[in-house]
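Following are the structures in question.
The same chain A turns up in both complexes below, where it pairs with chain B and then with chain C.
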Partner chain A sequence: MKKFFILPAVAISLLAISGCTNKSVVRYGDAAAVETTDINFGSTDLQKVAAEMTDSLLISPVVGTLTVNTRPVIFVESIKNKTSEHIDTESITDSISTKLLRSGKFRFVDMGRVASVREQLQYQQSGGMVDTSKAKQFGQQIGAQYMLYGNLASIVKSNQDQSDVYYKFTLRLMDLESGLVEWADETEIRKTKGKEYISW
Partner chain B sequence: MLMNTFKIPIALLLITVLNGCSATSFNDLFSSYAQQMQQVNIAQRQGNFKYAINVIPPRSESDGTFNLRLLEQARLNFLDRDYAQSQVTFNDAYNLIQQQQQAAKIELSRGVENVGAILSNDNATRYDIPYYEQSMLHSYQALNYLYQQDLSGALVEIRRANLVQQSALHTNQDSLQSSRQSMVRQSDMSKQYPTMETTIGQVKNGFQNAFTFYLSALLYHSAGELNDAYIDYKKALEIYPNNTYLQRDVWRLANKLFMIDDVKQFKKRFSATITQESIPKNSGEVVVIVEQGIISPKQESSIHLPIFTRHNDMRFYSVALPTYQNNLTTYQPVQVRVQDEIFLSQEIVRLQSLAAKQLKDQYPLMVTRQIARVVAKEELRQQMSKQGGDIGNILASLYNISSEKADTRSWSTLPNSIHILRIPITAGEHTLSFNINGTTQNINVAITKEKQTLIKISAIGSYTDHQIHYF
Partner chain C sequence: MQKLTQGYHSQPSIFILLFISLFIVGCKNVPPVTSGVGTSQITAGEEYSKYLQVHNPKLAKQLYISDIKSRLQQDLLEVNLTLTSTYKKTLQLQYQVNWFDNDGFAVEPGKSPWKSLDLHGMQTQTVKALAPTAKATTFSLYVREVPEKAFKF
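Here is the complex of A and B:
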């Protein structure tokens, strides 16, 4: 009879210990610190991809000749997500375009804001509130010369002992007029997670 | 004696508390999952989904069946056309599956659950979502993204579904291998090719979900990734080799992608009506997915197990095991009339069969646990009758009988069977006349040239509904 009590008693106390002692604490951390919470695509991967791609683009000799005496205009097409995770690829392109803009060698047009621009110009032109001589005109925008586009693909494998994920990010710069791909590069990430042997 | 009579209720109390803490709700101790879901299924049959969601038995997050509750709720949200909520709930369920897959090899908490299960019933163990349910989760999730106009999100879910199907294939590799070997042994392989395809299809049919492959192919097709689409159409065809809609899709894409060897083979296999058919110009396609009925719940059946007691005499103990009824409901194919031509839907998955195969695979382990439980409960009864006399004996026997419940847990709001139908239609406005289980329904569609239009029909009990998506 006693044996029957011991097991539940131990179980309940273990549960109580594991369940009740957690206290949440808020802390600030380093935004560039390596994050390894889980195996999924995370901030470190995003930073690595964006940094490697912009570095590669900026030191490429082809791009060096393109940017002599001029700041080419680029438009960023979306990055195609071909992985098995819901990844915000716009965030990757945002990082890349921001870094490129900061280098001072390129200029960008933002296709995501065309509708708001049109609305604003329409307001200036025909809203009746803005001095027509000072209102910005339609049809004065500069067309992009290059298009930046890419793919993010992944291969996921797992067995009883570990899971493995491999990402490949490809980025390309295309001359819109000639259709030539002027520059391309890829970066790879491999992450492996071994399973714990024993846990609660 | 007074002390002893106190001890018995305390022991019972402890058992229930133990159950409550570890993984299961109090309900599971005395009523089976199928019984608890009855109300939900009745409401679902009437198309009263909001009510159905409300009557799903509540469970806490620490409950081992919480993941199943999420699946039921998300499916009902989906039927209720609340795609955003359904997406969130399915995602929660997916996260739980991921956690379970990445958990340590030995989990102490599982040990506690198993102790609980030995003193009560299998409902106290954690519910592991089987592969066929996971493939349906991702299929519905893909439709959720699609209906919210996010094709790229839908494709992510499709890739996840394919990972699940791969795991299912990997787990069942042995059975596939042995059937393949026996085929080779039997006769010359090249001659037997078509029949071998059928046999492997029949084996694969037990664990892979052709509907998920079909949906995957359809989404890849509409995203312009024809090569990926071709592979998945072929996988679906492997499972349902006689489905003429699949044959037609495979045939067209094989020609379009110049798969010369495949074209040669298919030319022999498929009938002339498919291989010589010409695609009408200026036409698009209507793809119809029909969900038929509700998957039957697991039933509890008592069997007598011979067990040797401590005094080495054999006794028969009655134990409860889950089963499925041994007949499949037949569903009338859906009829579509387009310009005096009649098309009939064909089966693409029978979820009932997938569920039955899953249960069959679980039996050996289930019976082993059941025997351990019978022994433990008999021990409990003997101890209590020794210490508590007749009252102890009666209480323990009552507890043993009433807590003996089969584990009837499974995703019970899924459809029983899914059919497909695919017809080329000239571009423009059309009224399609559907005949669903005897009732006629007209659906208006606007077909765009070289584009697919997806119509999903749910025919559950007395309820029918449709949802149109233009790619």
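Here is the complex of A and C:
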């Protein structure tokens, strides 16, 4: 009678332990969800960094005085990636500049598109296709007053049981004329990856 | 002895039955628990307590929203949320603030990410959020546990 119960019990526990093989399934997920697939810099980190930096910049009293009756023009310099990973830092600056622009307090010039602008203006001016009275003129652009720049650094440590990564993102706003750093802030992220001994 | 042997011999059929039933019932991803505690839309400066909503009573026993403050900062609505744990162990939480304009329309919907928050045993912690544009005049917030799959066979 004992064996009658033992064998099925063993079978069930074996199945439970080994688990079933999963079929691959494609689903749409929540883009705003916290993502913890691995320890590397991920979408949640990008969203956190962008949100915190934008919030800090927008509520800073100094920036409040800068934006009283005007919308200062900013140029975004690249974020230097000092981590050991390959991170698309342009994506971080894109998120930050989009949020700042949408807040209605700042305006931006895009240095990444200067060549295209020049090409288009040259076409308008000398292509012979555009009405000269309606062609946009060279030398009418507005110069940036401020430069946004920063660094992303990391400290990575690991042993055989767990790994730990610490990111520090620093962002600064410099007045291009006076060279003064008007605003600066940093945000930190810590992520750890360890083994879970009992997990289903 | 005779009975025992009979039972032993009839086991392959039981095995097959178990195997089939496991295949039918098991191998299924149980959707994670994603409910939590939160509020409906609160207008800036209003008393928050009447807007509180509890969707996850288990979490509500371990955590309560002890204060919500809001003010205008450089034309933007700023929200200060205080969470208090009544549980001795660390709670791994996520929170999200959503923004709405004067007419109750969502401001930049889907763009406010879930942020993770570790609340240590019996700790009170304050988090802040800033509206993305000056249009936002009301807000709602939601706190949930880190959604984990209960069973995944």
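Criterion: the second predicted complex is superposed on the first by the 173 of 200 C-alpha atoms of A that agree within 3 Å, B and C clash if a C-alpha of one lies under 4 Å from a C-alpha of the other, contacts with A are read in each partner's own complex, and residues count from 1 in each chain.
The criterion applied here is as follows: a residue touches a chain if its C-beta (ideal position, glycine included) is under 8 Å from a C-beta of that chain, and two chains touch if they have at least 3 such contacts.
Keep in mind it's a predicted model, so treat the numbers as computed, not measured.
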Contacts of A:Ala51 with chain B and chain C, given as first, second, both or neither: second
First, second, both or neither for A:Lys193, with chain B first and chain C second: first
Chain B versus chain C as contact partner of A:Ser84, first or second or both or neither: first
Partner chain in contact with A:Tyr28 - chain B first, chain C second, else both or neither: neither
First, second, both or neither for A:Val156, with chain B first and chain C second: first
Those residues of chain A which chain B touches in one complex and chain C touches in the other: 1, 4, 7-8, 11-12, 15, 200
Complex contact set, residues of chain A against chain B: 1, 4-5, 7-9, 11-12, 14-15, 38-39, 80-86, 156, 158, 160, 163, 193, 195-200
Partner chain A, residues of chain B touching it in the complex: 7, 11, 14-15, 17-18, 21-22, 101-109, 112, 115, 152-153, 155-156, 159-160, 163, 380, 383, 387
Residue ranges of chain C in contact with chain A within the complex: 3-4, 7-8, 11, 14-15, 18-19, 22-23, 26-27, 73-74, 76, 78, 94, 96, 108, 110-116, 128-130, 132-134, 146, 149, 151-153
Complex contacts: residues of chain A adjacent to chain C: 1, 3-4, 7-8, 11-12, 15-16, 19-20, 22, 30-34, 44, 47-48, 51, 54-55, 58-59, 63-64, 67, 99, 102-105, 200
